[in-house]
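So, here come the structures, one by one.
In what follows, chain A forms one complex with chain B and a second complex with chain C.
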Partner chain A sequence: MRKLSYSIESPAVPPRQRNWWVYLLLAVVCALNVLPYLWVVLTGFMDGASASAPTPQWLFTPSLEAFQFLIVDKGILKNFFNSVIVSFSSTFLSVTIGMFCAYALARYEFVGRDDVSFWVLTNRMMPPVAVLIPIFVIFQTVGLLDSLIGLIILYTAMQLPFVVWMLTGYFRDIPRRYEESAMVDGDTWFAAFRKVTLPVMMPSITATAIFVMILSWNEFAFATFLTSNNAKTMPPAVMAYSIGADIRWNVLGAAVVLITAPIILFVLLLQRQFISGLSQGVVRK
Partner chain B sequence: MSISENTTTAAPITFGERSFLSGFGPSNRKVFPWVLMAPTLIILFAIGIFPFLYSLYIAGHNFILSKPYIPRFFVGLYQYQAVVQDPEFWHALRKTLIFTVEAVFIQFWLGLGLALLFQRQLRGIALMRVFILIPMILPPLVAALIWRYMFYPGAGLVTYYVGGITRALGLGEIPFLSNPTIAFQTLVFVDVWEWTPFMFLMLSAGLASIPRQPYEAAEIDGAGSWRVFWTITMPLLRPAILIAVIIRTMDAFRTYELIVIMTRGGPGNATTTLNVFLTKTGLEFFDASKAAALSLIMMMIIVVMSFVFIRVFRSKTEVAE
Partner chain C sequence: MAEIQIDSLIKQFGAFRAVTDVNIKVKDGEFVFLLGPSGCGKTTTLRMIAGLEMPSSGRIAIGERNVTFLRPRHRNVGMVFQDYGLYRHLTVFGNIAYPLEVRRFGRKEIDAKVKAVAHTMQITDVLQRKPDQLSAGQLQRVAIARMLVRDADVFLMDEPMSHLDAQLRGQMRAELRHIQKSVGVTTIFVTHDQLEAMTMADRIIVMKNGEMLQFATPREIFERPATEFVATFVGEPQMNVFDVTLVNENGSIIAKTRDFNIPLQQDWVRRWGLEKRLDSPLRLGVRPENISVSEKADAACAIPAELFSFEPTGAENLYVLQCGDVTITTRSSTTETAGLSKQDGSRLYAGFDPNWIYLFEPGSGRTIAQALASRPDTTEN
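Right after this comes the complex of A and B.
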């Protein structure tokens, strides 16, 4: 009986005593997952001499030399703001547009619904590099190469399947009664959607938006080949300063700090939404 | 199920005054969903289908991006033939498959192990979860840069500490990125580091959704934990496993940043996967047509793979039910 009451807390594995080896194992895993990143972050605050010393310098006097190089000499903040603009706009667009599609898929029964839903998802299967060349040629023809607008359109399209997929599941969970009662009260469809459905959906929409924003922020292949000076976002910029014949490790570290700071901050602040958002897809299918 | 119920019980909807537009409004339950979906479908068509058709077109011609003055003409299936007859293609395909299978296999078991450990009531579990998730939150570019640095001869932490140990043992330095076989395994290692957290997260969510009654029944029957794992946990976890493995397989198949940054496909062509081969063909040799043919072949492989996966798992799931 005693054992049974345990399995209520933890369904899949009936836990035995809390073993010290579990903690040890998890501590090792955590260290392995965090230390490499932490070390690179530390390197970003070293001066050139400590960063290139032959033995790892765990204790050093902090220096902002690398940040100064990137921000003042190289003007990396422009790339940073390009990234901010592109990821915010594409997230806003893909969530706003995809929301209605997800709503239709979740709420209406119509001919070809399953086909549409499957087709939307297959758009995610394509390897980015595979569509890179046609998109490069198209952008070249239309004049969208090296423009923020081009990237925003592209990222919006790239994230749409994911947004639709996740939000369809969430919409299905909301009882239809809510909207119906609002519409019986004389509201139009859109008013009911805005006043009733949207507020209930807000947490799920936020979770989706966070996830999509991170994907846009991290995108590398398209950003590298479709932008050069004007619209270069963070990933290609970071790449440019971190690889080459004369690598300065502290510059690599500082670049990594700049590109990851917003994500880490976001995830720490919105940890719960992020994790639930990520794992939703599995649970509901 | 619930949808068809909803449809029949829907309240009559009014949409202001009758006008031409109201024919497409919410009162028309046949047309209105298409109105709602139109923006999404148009954008996906423009950025998804159109490039695909354009790829077909390019692959049927002789586009060399660096030589736009060469007259372009229709070449039929020549480009596909060129790809299939290129030994480099088969080499890259083999490398890609080995990389994908090996990485996903290791990630799956490590992720499952971690997810099972997290089923226990542990102190500080939330914090540990965040720590464990860090590699997958980082941009793939950054993960690759970090490990490039870690493994860099004469500079990285790994080369320093591991090299110290191997030198003391008289083995000399380990050529992490300069020996073909070891470089390939190094890439697998980094991919495992980066994406095991994803498996862990997906499988944790799957474990959390398993009802607890079967476990109680097994407890009463006195089944051992090993048997419980294979007869209850694994079958019930199957849907989660299916999705996690498909997503990871598709992503591992097209791993890009990691390889381009850490080895650029080298040494030699030891780590040239299809994606790297594709990039070389299209964006270094500017042979757009051959690259387009290659990308279409790649897409076919991915579609067939996910189809087979879904089929195999579906049939097994149905048997289990």
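Right after this comes the complex of A and C.
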């Protein structure tokens, strides 16, 4: 037998994984993420005096003073429903329109296809604030200032590039065979798309829709400049009611609770679909 | 059930001609194979019959009906795709029922038809599963069931067995041939596997670079190949083909390479008019099973050779021999060659059966002399 040049031998038992430091790291990251939010939420349940006290207080008597001010005195629920209408409508429109656009980019060869898809991407490169004033002037001219329709149109246009880019990738991952075999089986192109491609795409579309919904819900700059009384959405409303001559911290905290609660609930409910949608196309069989 | 007639079909992708002038007439109930290497246009031809690809010119008729530029849904063809094309959001039952639902069959009728076809394909116990819970063999059966469930005029299959392992493929070959004959629907099957085509087909269309080289029964393709390409593509191991020149030696015509001579049958030489081709380069072909090997030189085995490699396959032994510049593969039964040396480099003698020698034209590859013992098929056309 030949002598081996290396002498280390296998231990008797398989090595045990010791990953406690991973959990420690995760705990630190979670704490860093959650603590500020927790603090803001707590502030929302303080009264004006304890919220603006010079030394922060962890123990206090909860009060709904700030919520009462926002909901009863200021009628923030109207802004809340404005936000709901605007973000749901713009999500629906941008996902529907973007889906067909993405499908065309993923499936068909046509002159200038790459140019179109690059142009779509460049729309996201420009900082939105750069077009704030032109859009204000346009909205003023066509009478869309301070209207929900105006915001819906604007948000749809803003979110479209994102939807198109996400969905194009997902559509490319779905083999054309699905539609082809449905068409041979006797379907029209649209029926094949609706009955075969869409159900397979559903997780990805849901994930995209959630993303877009969150972006629309949180949009601040345009909403501030283009709306005043009628169509004001949550983000500018929060600022208007809590920041005046000085900052009313408890009102700000309560507003934060109102504006984030729906999103958190929404994501918790659709979490599983969201994650499976995001990982689709990444994980292959 | 219908016949298929294809006239001067051409498909052009930009400057590239994927399919050039295909003319086929498939009889009702026939099982026809499109055979060729990848990229030869066979799948494109099939997709044009299905309507998934529109021809650049030509005409396709299914049972007298012109379908050349018709949408797929109006053609009434059933198809199995290479990767099956099963819908992963539906159960096996849903997949098979899909074409019936599209055609608005009643629920009872769908149920009965799906059950019947599932029984034929032996997949009754997986009807409620989703495609990703099935094995490759079962997926294939589901895809075939989905094709069978309809009363299609024509069945089209695009390399449906390429994802199966060798053993399963052997099983499916017999089963598919049996099903096709009992259903009796005209079927076109695309494959690059010559064994599949030879074992299952009524007739085979051999394609290369978008052109149809030959359209004939498997036996005729094997015995009377139209070109050198067809001759080497069909048969395993493939036909030995090498350069020769015909010379007249003492009144009889023989084939000559640099290192050895091959005696030819003189009446065969006369029948194919080979006297006119003396002294010009030709390609000579002989199948591995028509070469005998021996340890001693004699009249039948006169070509000196050196053993390059020995490959036993069980019932048969393959000898790869080096005869001068020419490498030839032989195939003979194990019992016949039991006494022969199997050591690389040993001296052996090879002899070609003069009844099974082919001659091809260099360049065009056209066959200029079919083997003496081959018989033309008289039953066709």
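By our rule, the second predicted complex is superposed on the first by the 243 of 285 C-alpha atoms of A that agree within 3 Å, B and C clash if a C-alpha of one lies under 4 Å from a C-alpha of the other, contacts with A are read in each partner's own complex, and residues count from 1 in each chain.
Everything that follows uses one rule, which is that a contact is a pair of C-beta atoms (placed from the backbone, for glycine too) under 8 Å apart; a residue touches a chain by one contact, two chains touch by 3 or more.
Model, not experiment: these values are computed from the prediction.
**Q** Identify the partner contact of A:81: answer first if only chain B is touched, second if only chain C is, both if each is, neither if none is.
**A** Touch partners of A:81: none, neither chain B nor chain C.
**Q** Between chain B and chain C, which one contacts more residues of chain A in the superposed model?
**A** B
**Q** If you stack the two complexes on chain A, which partner ends up touching A:185: first (chain B), second (chain C), both, or neither?
**A** In the superposition, A:185 contacts chain C only.
**Q** Which partner does A:199 reach: the first (chain B), the second (chain C), both, or neither?
**A** In the superposition, A:199 contacts chain C only.
**Q** Starting from the residues of chain A touching chain B, keep only those that also touch chain C in the other complex, and list them.
**A** Touching chain B in the first complex and chain C in the second, residues 180, 183-184, 186, 188, 285 of chain A appear in both lists.
**Q** Spell out the part of chain A that touches chain B in their complex, as residue ranges.
**A** Counting only chain A, the residues touching chain B are 3-4, 7-15, 18, 22-23, 25-26, 29-30, 32-34, 36-37, 39-40, 43, 52, 54-56, 97-98, 100-101, 103-110, 113, 116, 120, 122-123, 125-135, 137-138, 153-154, 156-158, 160-161, 164, 172, 176, 180, 183-184, 186, 188-189, 214, 217-218, 220-221, 225, 235, 238-239, 242-243, 249, 252, 256, 259-260, 263-264, 267-268, 271, 275, 278-283, 285.
**Q** Write out the stretch or stretches of chain C touching chain A in their complex.
**A** 50-52, 71-73, 75, 77-79, 81, 83-89, 98-99, 102-103, 132, 146, 150
**Q** What residues on chain A touch chain C, complex-wise?
**A** Those residues of chain A that touch chain C are 175, 177-178, 180-188, 191, 196, 199-200, 285.
**Q** Any idea which chain B residues touch chain A in the complex?
**A** Per the stated touch rule, the residues are 2-4, 6-7, 9-11, 13-16, 25-26, 29-30, 32-34, 36-37, 39-41, 43-44, 46-48, 50-52, 54-55, 58, 63, 65, 114, 116-117, 119-122, 126, 128-135, 137-142, 145-150, 154-155, 157, 160, 193, 197, 201-202, 204-212, 215-216, 219, 225, 228-229, 233, 239-240, 243-244, 250, 253-254, 256-257, 261, 275, 278-279, 282-283, 288, 291-292, 295-296, 298-299, 302-303, 306.
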